[in-house]
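Scroll down for the structure; my scribbles are underneath it.
We call the chains A, B, C and D, going by the order they appear; numbering starts again at 1 in every chain.
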Amino acid sequence: MMATTLLWPIIFPAVMAIILFLIPARIKLVREVLAVLSSVVMLYLGFSLFLLKNLSLKTNWLGMGINFDFRLYQFSAFILLALSGFLFLIVLYSTIKMKDHPRIREYYAYVFLAAAFSNGAVLANNFVLLVFFWEAILITTYALITLGLKPTSHRTAVKSLIIGGLCDFSMIMGIGLIWASTGTLTMDQVHLEPYGLAAAAFILMMIGAIGKAGAMPFHTWIPDAALDAPVTFMAFMPASFEKLLGIYLLARISLDFFELKVGSPMAMVLLIIGAATIVLAVFMALIQKDLKKLLSFHAISQVGYMILGIGTAIPIGIAGGIFHMINHAMYKTGLFLSAGSVEHRTGTTELKKLGGLAREMPWTAFGFSVCALAISGVWPLNGFVSKEMVFHGALETGYPIFAIAAWVGAIFTFASFLKAGHSVFFGPRSTEVPKTRESQWSIVLPILILAILCITFGVYNKLPLENFIQPVVAGHAEPGQHIDLAAGALNLFTPIAGVSMLCLLIALGLHFYGWKQGGKKAYLASEPIHRLPVLHQLYDLSEARFFDIYEQGVKFLAWLSRMLFKFIDRPIDFIYEKVVVSIGRFFTVLFQKAHNGQYGNYLAWTIGGLIVVVWVILKLLQ
Amino acid sequence: MVFSFIFIPLLIAACLPLIGKVSKKIIPDVLTNTTLAFLLLNSILLVKPVFSRGSLLQNINWFGELVNLQIALDGFSLLMLFTISLVSLCITLFSIDYLKHYGHQANFYALLLVMVAGMNGLVLVPDLFSVYLFLEVAAVASYALVAFGLGPEELEASFKYLMLSVVASAFILLSITVIFGLTGSLSFQAVARGLQDLNASLVLGVCLAFFIMGFGLKAALVPFHAWLPDAHPSAPAPISAMLSGLLIKVSGIYALFRIVYSVVGMTPALSKVLMAMGAISIVVAALLALGQNDVKRMLAYSSISQVGYIILGLAIGTPLGIAGGLFHLFNHAVAKGLLFLNSGSIQHITGTRNLNELGGLGKKVPVTAGTNLIGALSIAGVPPLAGFWSKLIIIIALIQADHFGYALVAILASILTLWYYLLIQRKAFFGPLNDRWLKIKEAPFWMTAANVILALLCLLVGIFFSPVFKTWIAPAADALARGVQQVLMWGI
Amino acid sequence: MIIQIILLSGLVLFSILAILLKDLLKSALSLAVASLFLGIIFFRLGAPYAGVFEISVVAGLITVLFALTVALTRKDSEVQEARLTRLVFPLFFVIFLIIDGLVMKSLLQQVPALPTGPETGSFGEVLWKARTFDLVAQLGVILAGVLAVLALFRKKEEDKDE
Amino acid sequence: MSNLWFLYLFFSALLIFTGIYCLLTMRNLIKLFIAVEVISKGVSLVIIATGAVKNSILLAQSLAITYIVVEVSLVATALALIINIYKKNKSLDVRSLSKLKG
C-alpha cells in the first residue's frame, strides 16, 4: 500500500468537515447519512491501517528538521483504530441527539475536523507537526463547547482554551528543550535519560500530555463543560478522544522519548500526580448531585489510574495504564451517552429529579449499569482487569501508599456509582419527570455496543491484551522476561483481588448506610461522607472553587491586572492619552488652522520651502 | 507604435467638441473608452520589445524629411504608461454614468484626453523642455477640469491650484534653462553627458532645489502641498481620481525622479533632502487627514501622505527602495483612484460627502462599501492587499539602508493611515443607519463596475504580487537604479 | 552694453509699475510697455522672431485679454489693497537687489564656458527639425486652453437641458 | 561671455522677485495674474539670454516662442477662471477665496 495512505485519515475527515458544513441546514437526512457513512469509512480506514501496522511518510517541509513526517506503528495504529471507533459511535448517537441543534452544520464540521486533527496528532512523527495538530484540536474543543449555547458556554470555552493553551505552551517549551539537547525534531529519534535539562523537558512535555488528558490540576474546565457543552461533546472529547490522545502522548513520553526508571524522581512525579488525581477527583465526584457533573469528575479521577499505571514504569503497570485508557474511553463514553439518553428523554440530569427510570428505559439502564460496574472494577468486567494491573504495578514499585490511594479511589468510585445508578434508574419512580419511554435506536445502540465491549474486554481480556497492549509494552520489558498479561488476569483469589473486592464491599456498605441516613433517598447517600468534619470544609472550599487553579489564577490575574492598571497602565495611559494623543491632536488642529485657505499663505510656504531646500542643498554640498 | 500614446488622444480630443454637437453622450462615451482601452492594450503589447532590449528610442520621418520627433521608452516610462492607461480607462468607465451630473460629456472627455496625452507625452519625451511643455499641457487641462463644476468652491480651488502651479512651473523652466545654459543642450542624453564632466555643483544645486520645489509642488510634497486638499476634493470624482491617482505621480514624481536619477544622477545630499521631505509629508499629512470630515478631503491628505511614502522609498537610492517606491506608486494609483471614484459613488448615492452625515451605508450599498474597504485597507497596508507589500518593501529597504528613524516613521504613520481609513469605514459604512439613507440604492452599473475592477486589482496584485512585481516593477526599478547610465544607453 | 542695461532697467521698472499701479488698466498697459522693452531686448540679442512674438502676442493679445477682463469685472470690483504693500515694496526690493547682486557676483567665473561654436542653419529649420515635438506640445497646449475656455464659458442653460 | 549671462540672470531674478512679492501681498485677482506675467517675463528673458550667451540663440528663440504660446493658453484659462469667480462672488478679492480650508 502507498505511503500516502497515511494522509487519508487526516485529509478525508477534513474534507468531509467542509462538505458537511456546506450542506444547507435544512437537508437533515443527507447530512446525517453522509456523516454516519464517512465515520464508517473512517472506521474501515482505521481497521485497514491497524492491520498494516508499519508505514511511514516523510517529505521535507520547512527545513531545519521540520519535516512532513508521519509514522504508523502498532501503538499509533491501535489509537487510530480506537479513535475511529469512538467517532463512529458518537456520530451515530449525534444523529438523534443533536438533530435539532440550531448550529448543526458547525457541529459536524468541528467533530470531523477534530477527528482529522486527532488522527494527525497520533500519526505525526515530528514534534512541530504534533504541536500543530495538538493546537488545532484545542481550537475545535473551544468551538464545540460554545455550541452548548448556554449563557456560560463561552466562558467555559475560553477557560478550556486558556488551560489547554497553557499546557500546550508548556509542551512547546519541552519540545524546545528536547530540540536543544538532541538537535532533532523527529519523534522516533529522541531517546533521553530524564536527568537535568532532560528532566525539565520531561516535566514540561508531561504537563502538555496530562493537561490534554485532564489530570489534576488541569481538569477544572471539564466539570464546567459538563453543564455548558453538548453532552455528545463530553462523550467525544473529555471522555474518549482527549484521554486517548493525552495518555498516548504520556505513554510515548515515558516510554519512547524518555527512559523512565522504576522509582526515579520523574516516575515519582507521575505517581504522585496520578494518586492525587484519583483521590481528590473521586471525592469531588462523590458528592455531585448532577449526573453529568458526577461523570465528568470521574473522567478526571480515572485519568489518575492511567497516569499511575504509566508512572510505575513496570511493564504490567504500564500495560494496565494503557489498557485502562481504552477501557475508560469505552465505559466513560457509554456513561456519558447514557446520561445523554436520560437527558434526551427527561430533559434533566439532576439526580434529585430522577428515579426509577429502569422500567421505562431498560436498555439505557442496562448499558449504564454495565458501564458503571466496569468503571468500579467489578469482576469480570474490563475495569477489573486494568485496575488489577495498575494495583499490581503500584505495589511492585515498593511504595504501597500509591496502591492504597488507588484502592481508596476504587471505594468511592463504586460508592458514587451506586448512588448515581440507584437514584436515576432504581428506587421509587420520581414524580418530577413525566412518563417517558426508551430513546431511539441510534442512541441506544452506541451505548449497548460500548456495554458489550466492556464485557467482552473483561471476559475475553486475552483479545485486547494480546492484540493491542502487549506489542506496545513488549519493547520495554527486561530482556528474557516474558510478559503474559492475560494469564490470571481474572483470577479472583489473589491477595490484590481480594483487597479490591473488600473495597467494593465497603463501598456497598457506605452506600446503604448513607441511603438509610438520608431517608432512603439515593441521591443523599453520599451525605454522611460529605458531612465528615474536615472533608466538609474542604468540600465547601472546593465548591467555592478555591482549589480551581484556573479560577484562582483568574482571580489573581484580576488582582494583578487591577494593580498593573492602577500603577503602571494608568501612568502609561496618561502619557499616551494625555501626551501622545493630545500632541497629535494639537498638531492636527494646528496644521488645520494653518490651512486657512489664503492663497498668499500657501505661496509663502512654497517660497519658504524653496529657500529652505536651497539652503539645505547648498549646505550639504559644501 | 509608441507615438500613438500622444497623437491619438490629442486627435480624438480635437474632434470631440465637433462630435459633441452631433451626439451629446453615446459617441463621446464610446470613443473615449475605446481610445483608452486601445492605449492600455498598446502599453501591454510594448512589454516584450521594451524589456527585451532594455529601452526603446524611436524617431519619426515626416514626408521623407527627418524631423526630431524622438521618444524614449524604458522600464520606468512603460510602468507609468501602463498605470496611466489602466487607471484612466477605469475612470472613464466610471464617468459614463457619473457625468450625468455635469453634462457636456464631449468637452469633459476632450479635456481628459488632453490631460492623458500630456501625461503620456511627459513620460515619453527624452528632452527637458518637452517635459516642461507636456507638464503644462496636462496642467492646463487639469485646471479646467478641477473647475468643471463651475461652483464657487471648484473655481476657488482651481484658481489657487493654477496660481501655485504657475509659480512652480516657472521655477522648473528657469532651472531647465539654467541647465541648458550649463550644458548647451536639452535632451536627457546630452545633458547627462554634459553634466558628467561639468564642475558647477553650486549652480546645479540651486537648479535641483528649484526642481524639487517645482515638481514637489506638482507632487504635493509638504510644504508645497497646500493646493491639493483644495483642488482634489473640489474636482468631479473622476478628475479627483485622475489627479490623485495619476497627475501628481506623473508630473511630480516621475518627472522629478527621472531627472534626479537619469539626468543629474542621485547624490547623497539629494537623497537626504528628499527623504526628509518625504518623511515630513507622511507625518504632517497623516495628522491632517485625521482631522477631516469630508471624505474626499481626507483622501486628498492621504494622497499627500502616500506620496511621501513613494518619495521616501524612491529617494533611498538602493534598488530595493526604488522598487518599493515604484510599487507603492502603482498600488497607490490604483487604490486612490478606487477610493476617489468610490467617494463619487457615495456622493452620487447620498448627495453628501460629510462623514458625520453618513453612517450605516454598508447594509444598503454593500458593493460600494466593500470596494471602499478593500481600497482603504490596501493603502493602509493590510495584508494580503497590494499596499501591504509595497509598504513592506519600502520599510525593509529603509532598514537595509540603515535609516532606522525613517523606518520607524513609516511604520508609525502607517498606523495613523489605518486609523483614519478605519474612521471613514466606521463613520460611513458601519454603525447605525441614518434615517435619511433608508431609500438609497447601489450606484449605477458603470460606476460600480469601475469600482469593482479597481478593487479586484488591489486584491489580485496583492495576492499575485510576485509576478506583478517581476513583470512591471523590477524592470522599472532597474531602469532607475542604473542611473545616468540608463539614459546614456538609450538607443544603443 | 549700456543700452542693454538701460533697456533691462526699463523692463524691470515697468514691471514694477504694472504691479504697483492702482488702476488695473494702467497696470495692464505698463505690462505691455514692459513687454515692448523685452521684445527690443530680444531683437538686440539676435532673436528677432521671439521679439516679434513677444511684442505682438504678449504686448498685444495678452494685454487685450487683460483689458477685456478688467472691463468685464469693472462693476464695484474695487479691491482695497493693503497700504503697507506699496510702501514697503521699495525696501524689500532694494534688499533683494543687493542680495541678488552679491549672489551673481559670487557666481561669476563659477560656470565654465561652453566649447560649442555658433549655430548653423535658420530659425525655421531649428524650430521645425530640432524642436518638432515642441510644436506637437504647442498644439496640445492650445487645444487644452481652447477646451478650458470652452468648458469655463459653457452656457448654464444647457446643463438643465441634459 | 559667461559673465554676461549673470547680468541677465540678475535682472530676471529682479523680475521674478517683483512678481512673487506681488503674489504674496496683493489681493486683486487680476493683479495677481499680472504678477504671474511679470514672472514669466523673467523666465523668457533668461531663455533668450542663455541662448544668446551660449551660442544657441536659434534654439532659444524657438523655446521662447513655445513658451509664449503656453503663456497665452494659461492667460486665457486663468482669465476665464477669474471672470467666472467674479460672476459667482461679485468680488475680485483673493481673501474671499478661503472657503476651502482645514
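Structure notes:
Assume a residue touches a chain if its C-beta (ideal position, glycine included) is under 8 Å from a C-beta of that chain, and two chains touch if they have at least 3 such contacts.
Treat the numbers as computed from the prediction; the structure is a model and nothing was measured.
Of the two chain pairs considered here, A-D and A-B, the higher C-beta contact count falls to A-B. As a whole-number value, the distance joining the C-alpha centres of subunit A and subunit D reads 82 Å. Our note on geometry: subunit A versus subunit B, Cα centroid distance of 59 Å, whole angstroms. Between subunit C and subunit D, the centres computed from C-alpha atoms are 6 Å apart.
Between subunit B and subunit D, the centres computed from C-alpha atoms are 26 Å apart. Multi-chain contact residues of subunit A (touching two or more other chains): 592, 595, 597, 599, 603. Shared interface positions of subunit C, i.e. residues touching 2 or more other chains, are given as 107, 111-112, 114, 116, 130-131, 134, 137-138, 141, 144-145, 148, 152.
Residue numbers of subunit B whose C-beta contacts span two or more other chains: 129, 133, 136, 140, 143-144, 147, 150, 156, 159-160, 163, 167, 181, 184, 202, 229-230, 291. Chain pairs that touch one another are A-B, A-D, B-C, B-D, C-D. Listing the residues of subunit B that touch subunit C in their complex gives 6-7, 10, 13-14, 17, 24, 62, 65-70, 100, 102-104, 107-108, 110-111, 114-115, 117-118, 121, 125, 127, 129-130, 133-134, 136-137, 140-141, 143-145, 147-148, 150, 181-184, 198-200, 202-203.
Those residues of subunit A that touch subunit B in the complex are listed here as 584, 587-589, 591-592, 595, 597, 599, 601-603, 605-606, 608-610, 613-614, 616-618, 620-621.
Looking at the complex, you find that subunit B touches subunit D at residues 129, 133, 136, 140, 143-144, 147, 150-153, 155-160, 162-163, 166-167, 170, 173-174, 177-178, 180-181, 184, 186, 229-230, 233-234, 291-292, 297. Partner subunit B is touched in their complex by these residues of subunit D: 5, 9, 12, 16, 20, 23, 29, 32-33, 36, 39-40, 42-43, 46-47, 50, 53-56, 59-60, 63, 66-67, 70, 73-74, 77-78, 81-82, 84-85, 88-89, 97-100, 102. Subunit A meets subunit D in the complex at residues 592-593, 595-600, 603-604, 607.
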